[in-house]
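Heads up: the structure comes next, in structure tokens.
Chain IDs A, B, C, D, E, F and G follow the sequence of writing; residue 1 opens each chain.
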Amino acid sequence: MEYIYTAMLLHTTGQEISEENVKKVLEAAGAEVDEARVKALIAALEDVDIEEAMEKTAVAAAAPVAAAAAPA
Amino acid sequence: MEYIYTAMLLHTTGQEISEENVKKVLEAAGAEVDEARVKALIAALEDVDIEEAMEKTAVAAAAPVAAAAAPA
Amino acid sequence: MEYIYTAMLLHTTGQEISEENVKKVLEAAGAEVDEARVKALIAALEDVDIEEAMEKTAVAAAAPVAAAAAPA
Amino acid sequence: MEYIYTAMLLHTTGQEISEENVKKVLEAAGAEVDEARVKALIAALEDVDIEEAMEKTAVAAAAPVAAAAAPA
Amino acid sequence: MEYIYTAMLLHTTGQEISEENVKKVLEAAGAEVDEARVKALIAALEDVDIEEAMEKTAVAAAAPVAAAAAPA
Amino acid sequence: MEYIYTAMLLHTTGQEISEENVKKVLEAAGAEVDEARVKALIAALEDVDIEEAMEKTAVAAAAPVAAAAAPA
Amino acid sequence: MPHVAEWKKDEVANLKDLINSYEVVGMANLADIPAPQLQQMRRTLKDSATLKMSRKTLMSLALNDSEKAQIENLEDYMEGQPALIFTNMNPFKLYKILESSKTPAPAKAGSIAPEDIIVPKGDTAFKPGPVLGELQKAGIPAKIEKGKIVITNDKVIVEAGEVIPRDVASILTRLEIFPLEVGIDLRAAYEAETIYTSDLLTVDEEKTLADVQKAFTQALNLSVEAVIFNKESTPLIIQKAVSQSLNLALNAEILNEKTRDVLLAKAYAQMLALASEVSAKDENAVDDELKE
């Protein structure tokens, strides 16, 4: 989750979620940086409204399984 | 929330949540660092089991999966 | 299940769910293509709102979750 | 979700979830392929027993789906 | 609510919720002190277990999460 | 929580949440005053609409599943 | 005090003594308390308060003659069969103790209903007879069923604040419904130049409990919202951060160790959902594995 936390952190401080910034934060946090994951993070977030995505519960994802618990 | 994201990030990378590390990450993320809040964060985390607090959320969001495992 | 995944994949990339496209994806995925099944799939999907059908999981799932939350 | 669907498709047809295969399928489905996300997908799935992950959830997911289907 | 906040404050610092202490805090907070309300507060709190009331609130708050996970 | 109760108390009596006032109340309540936490409190509250923040359920945010209850 | 009998002088002096030696002086009404219950209540109060009945004139004299400022105003609250109560307890606590020691009592014609008096539906002990007519006359819906008189519906027979009519009072007693309370009725209490009347003295514990919980919730909300770290708020702030981060990762389909299973499951669940729709249209559109 360190990549996500980094994105959240940059989003909160109002910085751009760029390769450079993500790497800088990850390094400051003592993480080994995987270039591909950095790029993938940025690509995945490109078209995403972070504010909205943060607050939107991933119902579809989390819930189906929760549902299963009920009838069991 | 930048202080808590920083703490989570350090926790995830396995680094100590010390004043120095928190400041380093916050600065890398371009945040203005408020010494008092850093100290308050660290003091508060002394009494908190981060893993446990995180697990509780994980349960909520992701763990339905685990729950599903049981009846299988 | 590969036929369904193929349909979902094409739906997500915004491509038409045509015989040609379905076959192309299945072949790329190394599947043996059953012409009859492809035709049947396409015919069946004509009357199905894919987006809605996929969301049904979420809805069905969300209900018990709501139920679980309610008594609190 | 196109990356995930592609992984599931390859898994279903018994093909390896390799960079090459993922790209081939995505291209056949008319998707723009982001190299970084492909790599991230493969890295994330490397240690995962997809069958198990699916089965876990599968049973789970199947139940509500069935339930949802019934009244429809 | 200033009388209740005062009581909660004293409870948290481990001080007795006595007339004298309540008045002292209220005065420090710049409130006009109504003797009758101080006395009423103390009488009312004699039969209220603040710790338990807080526990219940916390449990109620946490319940949805637990509830969702629990039905398995 | 004594710092929060102090802030709420001062807010209710219409007093400024200043270092001086916070300390005065905490001392009246018999608390040992930690300068750093006083400063952190004031910094944290600077941009916050206390009235609104008090009423906004924080706990719902912590419980994504509860949020899921509102499928919208 | 000329023209006053010696015993009366003693009594006033005695009352004055009590007034001056206790911080709190209450004025109560003891009307309608049966003697055994009054004995019981005196025992309850034994260690915490002294109850003193006397003539109104003597109590007035004692109150007026006391050097405690404003205490003479207590005489405005003499009602029924007045008595003075002396204690060093918080007057709110005194009131609470007195209220909780009250016991149910039969309805009395002409008294005021303290709250709605309800005759509940159900069987009565009455055999069919003239009592049925009396019930109906009092406005209680009753009929005969299986050899018994049965009340058919819940009925508010006297509303709160209304006078209890004679026939209703007698019926209520025969139905063993005791809508009144008897006990030491504290009308007012004096402490430190202030008179607290009974409406002020009513302490609402449920509201206090609710307020305590509200205060705690508000404090939690504020500390999470303003991100103020303390023992209680920090776990919630962590959960908020994790939950927001998971939401972002799942919504943006970012695969990592926490999200991959959920995302795989989501794909699988969607596939099954779509498959069930498709197979409902045409079984042959799905493979055998999905037909089961």
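To be clear about the criterion, contacts are C-beta pairs under 8 Å (C-beta built on N, C-alpha and C of every residue); 3 or more make two chains touch, one makes a residue touch a chain.
All values reported here derive from a predicted model rather than from experimental measurement.
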(request) Going through A-D, A-B or B-F one by one, find the pair whose contacts repeat those of E-F for over half of the pairs by residue number. (result) A-B
(message) Looking only at C-beta pairs that count as contacts, which pair of chains has more of them, F-G or B-F?
(response) F-G
(message) As a quick test, compute the distance in whole Å between the mean CA positions of chain A and chain B.
(response) 14
(message) Centroid of chain D to centroid of chain G, CA atoms only: how many Å?
(response) 60
(request) Could you please state the distance in Å, as a whole number, between where the Cα atoms of chain C are centred and where those of chain E are centred? (result) 55
(request) Can you check how far apart chain B and chain G are, centre to centre, with Cα atoms defining each centre and the answer in Å? (result) 45
(request) Give me the residues of chain F that touch two or more other chains. (result) 1, 5, 8, 40-41, 44, 59, 62-66, 68-69, 71
(message) Residues touching two or more other chains, restricted to chain G: which are they?
(response) 215, 218-220, 227-233, 239-241, 243-247, 250, 253-254, 256-259, 261-263, 265-267, 269-273, 277
(request) Using the touch rule from the top, collect the residues of chain G that touch chain F in their complex. (result) 215, 218-233, 236, 239-240, 243-244, 246-247
(request) Spell out the residues on chain G that touch chain E in their complex, using ranges where they run on. (result) 90-93, 95-96, 192, 194, 196, 200-201, 203-205, 208-209, 211-220, 232
(message) Which stretch or stretches of chain A touch chain B in the complex?
(response) 1-2, 5-6, 8-10, 12-15, 21, 24-31, 57-58, 62-69, 72
(request) Note which residues of chain D are touching chain A in the complex, please. (result) 34-37, 39-41, 43, 57, 59-65, 67
(request) Report the residues of chain E in contact with chain G in the complex, numbered from low to high. (result) 1, 4-5, 7-8, 35-36, 39-48, 50, 53-54, 56-58, 61
